[in-house]
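Here come two complexes built around chain A, the first alongside chain B, the second alongside chain C.
For the complex of A and B:
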């Protein structure tokens, strides 16, 4: 007689819960020393639900299958010189920003979830966090592997790991994860599992990866969607974590609300880089940042926070400011990188007329009024040989580490400045959101490694721009400056001239 | 405003019968096509049924196989051997 196959729920119970034990050689409090100090109260770890009910054996099976599919595509892309078939070589600049800014975060997430997977007392979340830790390691590996093919041809990619720890704008994503990983395990789970994975990563991985597909980058869309297939499990972990904490004890609510407010705002600031990638850097565009924000925050976040209202959790503080920012953030960020193109490891350009018309159509309230005139002026200056560079070092926000370029809520003509005093020192912020985060934990943020201050203190290779670029290992004249006139542009034009000659 | 249950799937041969099954089983489901992916939205609840997928592919299908083609989702998940349901209902 064939034994009856176990159902999913039984399998999950036996293969996760059934594998846990209470320690006897050491007290549980010594084995799990980090799950009390944040003030979170857990009465019953067994109340944890994992609706995916994924067991380790099934996990390996599915992940192995995903890898086989992904590597088949990567091989095909490389064998068929897929890099020659992308929409335009400008497209590769999103890969440069992605590899230097995002992929190292996947590795940070791997380490963060490994920590949570070791230090949460309940076996359900521990197993889920361990799987996520392995997923994140897979993501960074597949991203490096995929983009290494582009590194054979294009500039700005080869020193991604060295740059991530040093370059001024890369401190924005780096400090975001440093902040999460230096928090306790529960804050980390809310920061990355809930605020980032559930509320915000769709904005990075769905419309942007769809953009990679649209621009002919078969390899990036494949790693992107392969990573994203793990993401639905991560989103589920994020939502379960928040429900679990809120159900366990009413005292958890104010702590969780503060974390949700903080990490929503921090995530929103980091994703401004993605806004710029979508609106300015994809030669063929899928949707505007504002449209993506409407789908993935206003609509999806609206449904989520309506659901969580039954626990007393409110929509993150400053969500209204973030939504208003969606009209401005990509333009203000691109304007910043254009001015500092000499110090960035990717190329910039002014949008051409057709691109500006698209921006006018997508941003009828703001683009023509506030940004088009500036961009047209810069384009004109470029034509007259007066290309504008900003040679000063910017003041940075002490929390998000972005230059203080953002404008006042409700007045896009005025730069927003906030500050706080701690022990006789003044610290500056770009927004009320960042100031609140600082004021809640000043002793943490006064220690931040601020790229501009570090340059002035002499810790970044020297006092001149060439000294600092050398310290970044930025290959000046190839990695930086405008796309027009770059070695990337020359390579692309040579490929196309050769293709045209071959076609007769 | 209605709460939206949503699933985004790859637009490929493995996912197509699943997309068909979802559209057949979820009246009022809305479709957003993007390059490479399809986002399916429905007010309050969206269900993927094992039996409906099996009827289209002619072999046994485990709802956990969705892991291979899913891109994103929204809603509280309930999954067992027969269905994968995303819902905001309580």
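For the complex of A and C:
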């Protein structure tokens, strides 16, 4: 009898899993030294379902084709000065936040998935993680290439690499990813593969790309479309990982639940930057942060966790607090950056009347009551030449590293403070979520490189703000301060005056 | 006559990013490769030590014994960033597809009798496992190495080895008419046939090597330069009547080896040229892994060609190559 021809699934299995073998000249525990200490139990790696079946030849073909198209658009955008066609030069501040805060995370993801792609003992997830490592390298490199053209004309982009490792607010995304990178391979997969790529990606990647689409940024939105199919692969990997861990052993559930709780909260804190971008920085708005949270977390996340309930997994702890926060977080963050505009590498502004009306409409419960009066007062002070700056250095949360500006759940007039003691030192937190994370691993979080403490310890170029800005390589007077009066604004106005003259 | 479209020239404020300009010695136009490579890896202010290796930072130059003042001296002569890499491989792969179609349509393996088919299965197909071990090594170098200049091309190389393992697998599927039986037999040979055990032991030993630059040398000069060259260079002697289809279906590997060698030679040469200490370390590693590969290759060469000489030839070529890179063997 002739054996049957292989089906697609079997063929893929032979082309990937069939390559792997149990080592005998070296013990498997020495070949894979890092996948035991987290306590995750895997009985049968072969039960892994490949979330996508992509051989390298197909990968090269699809990805090569996408790259050809993307770079053709980038070239055309540069040749035709596409940057003059965006909605307003204020929009470029979104790109500044993205390139300094997010693109370096793609790089970290690239190296992190290489770690998982080498050190997970199962061959199926190893291959999938390797492809994601390649994809993440693609994302950081294509983002740099996309925004490179803007860097030629606008400030605040040029030193993104240097700034990411130093500037106070950029330690928020940096410490988030350092946290995941220093965890074991399974926690990394839950943190980045599941919590970040699956649960929260629609609240990070999508708002930036939709913002680009709404604001005439052809090059960034083309990148977004081009990366979309990569992102959906990453999402299917993320969901497969969590199901696999939960199916393998009941003992995995409490460990995975703790990671889901931790990474949901940590992700939520990082996303506060996106919230502010959506509500305050996009000249043409896509939707409010609150609306995005309802659609992508409350609804989509709700059905996800309903689906995962059969494994015993619960909705992340403090999801209710995060949902309540969605009414406040963008306003509190923008107010913070407005006060510290001299120390930020993007421009700020007070919303004009139409923009405030939009915020009132989108946030009927909170904006008029808590934030509009403050913003109107600041706008008035500006008019009188008394623009408000906060010249103190803020206390930071030891976990998320955001200044302690957030308010108590249920009381938006009172700042939330939490603290814990470790070996005679007091550590401060912005929330119960961050305190819980610290208390579970205090020895990890006491190590954090806290930007404000580092300034006070004299490790950041000096004691004065100009010293620190120089150490950040922040070009004071160009990269920072209000949009009105900035070189960006002047350049934009010059272009448009020239275009108006040319049009007669 | 030239046709000139008039465009609006806007004066740029700067040509490239600050960290790239400092590398270029001034604000000059930078290539896509340069902007996609220089200084991408964080070097400072790590927040936490890895739970799994607290003696090191996440990225730490001390994960190898060799020392470089600047790890970005190891630029890739091919100037690969992701887009350039994928487009190059997609082009190479078009030839692979054409060749598979050509060989299958004309049934070129029909010329192989059962004995020769068995020899292909036992002698050629197990090399897919060697590629897979190589894939793990290059992924390890990417995660563990220092500086994007060398780590980014390493994940490309990992992808290449996976791709080549899959091309070899497809050769098996052509031979066994898409039943997969040849791959099972080949795996049994990889695990148990005496001719493959030296090779398997060598690659397993590399899998536990924690010094990533030693691993790079072992992979480039031991695995690639001796063992893979040995297997792919023996085609004619080993598989006489089907030399042409085998050569066609492994054309990718030949092109790849030349290209990868250009890169890995450059990396090793620059690291060795940095200091006498580096040169001594890299030379010792090269000597050790070429010797091991030669010893492992003798039995394999015997299986393929009936004698051990091909392993000696491949090892001699690897030693000459190492000498050209400034190593003392």
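Going forward, the second predicted complex is superposed on the first by the 495 of 504 C-alpha atoms of A that agree within 3 Å, B and C clash if a C-alpha of one lies under 4 Å from a C-alpha of the other, contacts with A are read in each partner's own complex, and residues count from 1 in each chain.
The working rule: a contact is a pair of C-beta atoms (placed from the backbone, for glycine too) under 8 Å apart; a residue touches a chain by one contact, two chains touch by 3 or more.
Just so it is clear, the model here is predicted, and its values are computed rather than measured.
Chemist: Applying the touch criterion given at the start, work out whether A:118 contacts chain B, chain C, both or neither, answering first, second, both or neither.
Modeler: In the superposition, A:118 contacts chain C only.
Chemist: State whether chain B or chain C is in contact with more residues of chain A in the superposed arrangement.
Modeler: Per-residue touch count on chain A favours C.
Chemist: For A:236 in the superposed arrangement: first (chain B), second (chain C), both or neither?
Modeler: first
Chemist: Have a look at where A:400 lands relative to chain B and chain C in the superposition and call it first, second, both or neither.
Modeler: A:400: touches no partner chain.
Chemist: Applying the document's definition of touch, where does A:183 land relative to chain B and chain C: first, second, both, or neither?
Modeler: The answer is second: A:183 touches chain C but not chain B.
Chemist: Just to be sure I read the superposition right, which of the two partners does A:65 touch: chain B = first, chain C = second, or both, or neither?
Modeler: both
Chemist: Touch check for A:275: first (chain B), second (chain C), both, or neither?
Modeler: Neither partner.
Chemist: Is A:54 contacted by the first partner chain B, the second partner chain C, both or neither?
Modeler: Touch partner of A:54: chain B, not chain C.
Chemist: Can you list the residues of chain A that touch chain B in one structure and chain C in the other?
Modeler: In the superposed arrangement, which is not itself an observed complex, chain A uses residues 65 for both chain B and chain C.
Chemist: Going by the contact rule set out above, which residues of chain C touch chain A in the complex?
Modeler: 7-8, 10, 12-19, 32, 35-36, 39-52, 58-59, 81-83, 86-87, 89-91, 93, 96-97, 128-129, 131-132, 135-136, 139-140, 142-143, 148, 151-152, 155-156, 158-160, 162-163, 165-167, 169-170, 173, 177-181, 183, 187, 190-191, 200-201, 204-205, 207-208
Chemist: Once bound in the complex, which stretches of chain A touch chain B?
Modeler: 7-9, 51-54, 58, 62, 65-66, 69, 202, 205-207, 209-211, 213-214, 221, 225, 228-229, 231-233, 235-236, 239, 286-287, 295, 299-300, 302-304, 306-307, 310
Chemist: Which positions of chain A touch chain C when the two form their complex?
Modeler: Going by the criterion above, the answer is residues 2-6, 10-11, 14-16, 18-21, 23-26, 30-31, 33-34, 37, 55-57, 59-61, 63-65, 67-68, 70-71, 79-81, 84, 104, 107-108, 110-112, 114-115, 117-119, 127, 130, 133-134, 137-138, 140-142, 144-145, 148, 151-155, 157-162, 164-166, 171, 174-175, 178-179, 181-184, 444-445, 447-449, 454, 473, 491, 495.
Chemist: Quick check on the complex: what are the chain B residues that touch chain A?
Modeler: Going through chain B, the ones touching chain A are 1, 3-6, 8, 10, 32, 34-37, 39, 64-65, 67-81, 88, 90.
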